[in-house]
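Structure below; questions to follow.
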Amino acid sequence: MKESISPREIIDVFNKNTDFKQRIIKNENKNIYIFFIEGMIDRVALTQFVIDNVPKELSLRKAVENGKISFCACAEAESKKAVISGILRGMAAVLDGEDAYLFDVRKTEKRSVSQPDEESSVKASKDCFVEEVKVNTTLLRKKIISEHLVLESIQIGKQSNTEVVLAYMDNVANGDLIKAVREKLDKIDVDGIITPGVIEQYLSSKLYSVFPQTVITERPDKVCRHLLSGRCAVLVDGLPIGYIVPATVSQFMSTPDDYSGNFIFASVVRVLRYFLLFVQVLLPGAYIALTTFHYEMLPSKLALSIAQAKSGVPFPVAFEILAMLALFEVLVQAGLHMPKSSGQAVSIVGALVVGEAAINADLISPAALIIVAVSVICSFAMPNQEFGNGLRLWRVVIALAGSVLGLFGVVAGGIVLLSNFARLESFGVPYLAPFAGVKKIRLRDELVVFPDKLNRFRPSELNVKNRRRTK
Amino acid sequence: MRKMSMRQTLMMVVSIIFSPTVRLFSAFVSGRGDQGAWVAPIVAGCGMILFVLVLDRLIRDNRNFYQHLEYSFGIFGAKALAWIYILWGILLSSVQIRYYAQRVASTIYTEIDMGVFVFIFLAICVYVLNSGIVTVARMNELFLPVILIVTVALLGLLSAKIDLRALFPVNNPLSIAHVALFNLASMGYVTFTLFFVDEIEQKEKFKKYAVWGTIGVSLCLVWLLLAVIGTIGPTVIEKLPYPFFAVVKQISIGEFLQHIEAFVITLWIVSDFVMTCFISSAILKLMGLVTKKGNTRELLIPYFALCACLVPMMGRTNFELETLSEKVFIPLNLILLFAMPIVILLVGRIKNKIKKHCAGERKMI
Amino acid sequence: MKKIFAVILLLTMLLPLCACRESEQIDEIAFVKVLGLDKTKDGILLTAGMQGPKPKEQNLGSSAQEYISVTCETVSQGLSLLEAETEKKIFFGQINSVLFGEEFAKHGILDTVDYLVGSDELRFDIPLVVVKDTTASKLIENGSEEDMHVSEKIEKLLAVIYSTSISDKVEMSKVVNMLEDPFRSVYLPYVQAENGGKDFSLGGFCVFRGDKMLDYLSPEISRGVNFLNDNVENAVLVLTLDDARVSLKISKCKTKKQIKNGIFKVDVSFTSEILQADSGIDELDEKTAQRIIEKQNGEIKKLLEGTVEKLKDYPTDCAGFGKTFENKSPKEAKKFEKNWNETFGRIKYEINVESKIDPSKTSGKPVKQGGD
């Protein structure tokens, strides 16, 4: 119900803010107040389309209804809260004590749409999300020109009132999924959404899991592809990312480039990625197990070669591997946080210290260094870094288990890791889908890339309304 | 409640058939069936397919095992039988855990006490079963293809070493039939599907999946026996506690791949894990139904603690363990997993007929 | 959260129960590659030829080779004593071959084979080899070269033996089967050593009665044994035809044994190709080819008859006649279980050889000398 809003009340709310500006235009009927936050509005637009057109004889309502004050983005504010929210978002509020209107003359400083930093692609589109949610929704609209693309806006955050947009295809996505996502978003009870972790935590079903349960992406084309498959996406104002749910393991292993070129080559690369997943997690633990407990499995020449390389090193193999893994993590963190100017120096120090000097000083054996290096390189081949981070942690756990119990420990660690995957669900969809936990196991377009021409059906585990993509 | 599909359930059954047959079977059968023992799985498979038809009828009735017992034997009869199954299930779990620990401790970790492996194994079972049998079913969907691929690869590599002269002549049909019973006793774990009927979807697909699964398992077992007996001969096998393990030791591709028995043993651990979880879940579910306790999760730790205590009592040596299996568990398996469902079906059908007959008479009156 | 911490604490406290006792650093392990057993007055001389990592400053070759010998009463005692002789842990799982000295083989190998088969670490496909003209210990001491261990040399010899078929690799599992089978006698390959074991080559087979060695067979007779056991892949035969020599390579050999009316019938068929013929032999001529075929059939028949007679002299059935009898009439054969070898010494047999020459492999018209 519309309430009458006193300009005095608005002034009282904002009067301590130096960037809050007001303009009073005397009118025959009443004074017309124009409130805005300096720096967030387009001054020219506000002057040209609003202030210059405020009539001196008509009431505010008549002026807007008759088109005297003509501006395309104009909405009536029905409550004080709406006025305050509009001013805070950069709109200009025009009040006369009875009516209140918000004019969207925002001119916020925003980054232009640029290339993605972390998910770069050779052939696929090179636009990425920015901090402005309106720009992001525009990017989606440009790729899916359909009335079925629904973008619902919700405000989340007690203090920040951040605009969060829920995107889905209403003729494809399962109604229960949309409802569940909306409920989760409504349940978010935080001060503000400033960091990406907040939304992710609330959208995840299991908080205490190192593996991500939402796909976070900076690419609009990736979001659109998943929307067309029947998933939902969440965009947040102020964050240059989109969240896609439900999330499954296969999504973390695919990249947009898989669909940009020849599907056979892309299939080989994707199968290789899955192989690298196993290598990066199991290789250090298996190496420790084989060289400490099960040396009979090594061919005799290889065993002698490894023994030769290790002779003189005072530390056991397990310590070497774990220390190297820790050192590589330190290098990775240093690489993330150091200034660009010192990058070269750190690379040289890392290579010299870790590589050359440590081996010459017989502190580590070359074989151990190679094993850890291979494992680390495999981990960087993972398309999704959050997923890769979880696997890196488990790599250490499995290496520890291997050092304590040999291959039995590696297998036990593997079982526990797999059980973590098997128990995870994202909005009712098993995390291991479509490889396990679904009615029909599907390898096409998950383990191997299928050409779009033959990819006629949407994923069955999403229980979409319309399974057929094409005629 | 999360549900499993019929395919997931039967995949678990295949996994749990794999473990005891690979480790135990070849020793039993070669000792008794001699070089013709490889024919036994074919005979067992034929019997199994007939039994699948019986189970299919029971599953289609949409009642779980305890409900079938109640329907056929009344409340008290059902409770008594259920407690027999529970006790047998606890002992069966203990003996399987003991087999697993014995195998690991006597093959690749000869200096370590088996208690370490028992404890860690059961801790993992408790951790995983906390989220339900559905988790194990999903894990098994990834385990089973790996186990099958590795087994087929190993058998393929062994096939080059098969000496056909060690496999013929096949001239002892009675002993082959005797050996086929052993095989049936392990295939009978498919009866546990009945315990989970209310947690399974796509029940109508049971017959199709079970028949194909039986054919696949039988063929695999035939190939396994051909490879094991044909490679080292029946006389050597009789002496060995773990023939397949010993045979796998022989596999060597050039100087690149050899002595992979440690890897194979660890794969068996996976199969044992699925078996322990499956049987334990079935027994715990039965316990929940008998005691009318909804959530049996709090019984997990006491159940496995009891199994851990029973493990050392199953026998001191491998020979005692095998004798216990042969004299006690195999006959019990045959009775409880085969005979009982058939009896339940017959009693149920008779009761149905009597009810229909009485209802018909009342109508006439 | 408290539960998780409690679990982690419990697991950490249980770490001392872990399998660390089983672990061993790989550079502290000595891999035994070959085991030698000789009979001495005091018991058994057990020699282990080992490979381990060389100190880094010595860059020649990839491994340090050493051998250790211990005197013991039983093999198991000897293997335990070996551990005390070296500061490293000894690993037996990579043994490539087991060598028996002549005296040891004559004394009996049953107990040793029985122990080795039951061992956790050893594989069943380890070949057993007898050493002639020197002891196993000396062969292991002297037989290695700078870049090749004696076990690798023996392995290589056994790997290429198919080209001449004068011997064969006989694995431990096969020996066990032969020992336990009343209708089969054991035969093992032997190496002939020279220069105190520095040089050696594969000789042929040595035959056993029960588990005791009887005698060495010449390479030709050993090839005959391979023929009779249907174990010939390739062989080279040199014939003389009208004072000219013809070298033939025999392949695709098939041997079938049957019993008809109490007589063992051995049918051997093979294909040969002419490798080399002296000038004067026209390989393309049909009549010449026919003569070569007849000649080679005769030679092989003579060889096989000689082999059977030699085996009957001992008597020891290494040629599989007993197995043929058992497969044909198991009940009848049971009567001869206890003394099959004696019965074998009296069997009647017929050998029939058929062969053909593969024409696609003939080299063409021979080169003839034109002038002086």
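The first chain written gets the first letter, and so on, giving A, B and C; residue counts start at 1 in each chain.
Just so it is clear, a residue touches a chain if its C-beta (ideal position, glycine included) is under 8 Å from a C-beta of that chain, and two chains touch if they have at least 3 such contacts.
Everything numeric here is computed off the predicted structure, so don't read it as measured data.
Chemist: Taking each chain's centre as the mean of its C-alpha atoms, which one ends up farthest from the centre of subunit A?
Modeler: C
Chemist: Please tell me whether A-C or B-C has the greater number of C-beta pairs in contact.
Modeler: Counting C-beta pairs in contact, A-C comes out ahead.
Chemist: If I average the C-alpha coordinates per chain and also across every protein chain shown, which chain's average lies closest to the global one?
Modeler: Chain nearest the centroid of all protein C-alpha atoms: B.
Chemist: Express in whole angstrom the distance between the two chain centres, defined as the mean CA positions of subunit A and subunit B.
Modeler: 45
Chemist: Can you work out the whole-Å distance between the CA centroids of subunit A and subunit C?
Modeler: Whole-Å distance between the two chain centres: 66.
Chemist: Taking each chain's centre as the mean of its CA atoms, how far is subunit B from subunit C in angstrom?
Modeler: One centre to the other, that is 42 Å.
Chemist: Can you pull out the residues of subunit A that are in contact with at least two other chains?
Modeler: Within subunit A, the residues that touch at least two other chains are 293, 296, 300-301, 405-406, 408.
Chemist: Which positions in subunit B are in touch with at least two other chains?
Modeler: Within subunit B, the residues that touch at least two other chains are 109, 116, 259.
Chemist: Could you list the positions in subunit C whose residues touch two or more of the other chains?
Modeler: Only 18-19, 22, 93-94 qualify.
Chemist: Please give the residue numbers of subunit A that touch subunit B in the complex, ascending.
Modeler: For subunit A paired with subunit B, touching residues are 293-294, 296-297, 299-301, 405-408, 410-412, 415-416, 418-419, 422-423, 430, 432, 435-437, 439, 441.
Chemist: Would you tell me which residues of subunit A are touching subunit C in their complex?
Modeler: 208, 291-293, 295-296, 298, 300-301, 303-308, 310-313, 316-317, 403-406, 408-409
Chemist: Which of the residues in subunit C end up touching subunit A in this complex?
Modeler: Residues in contact with subunit A: 4, 15, 18-20, 22-27, 29, 31, 33, 51-56, 62-63, 91, 93-94, 121.
Chemist: Spell out the residues on subunit B that touch subunit A in their complex, using ranges where they run on.
Modeler: Contact set of subunit B toward subunit A: 5, 7-8, 104, 108-109, 116-117, 120-121, 124, 127-128, 131, 134-139, 141-143, 201-202, 255-260, 262-263, 265-267, 269-270, 273.
Chemist: Going by the contact rule at the top, pick out the subunit C residues touching subunit B in the complex.
Modeler: 11, 14, 17-19, 21-22, 93-94, 117-118, 120, 123-125, 173-174, 176-177, 180-181, 323, 327, 330
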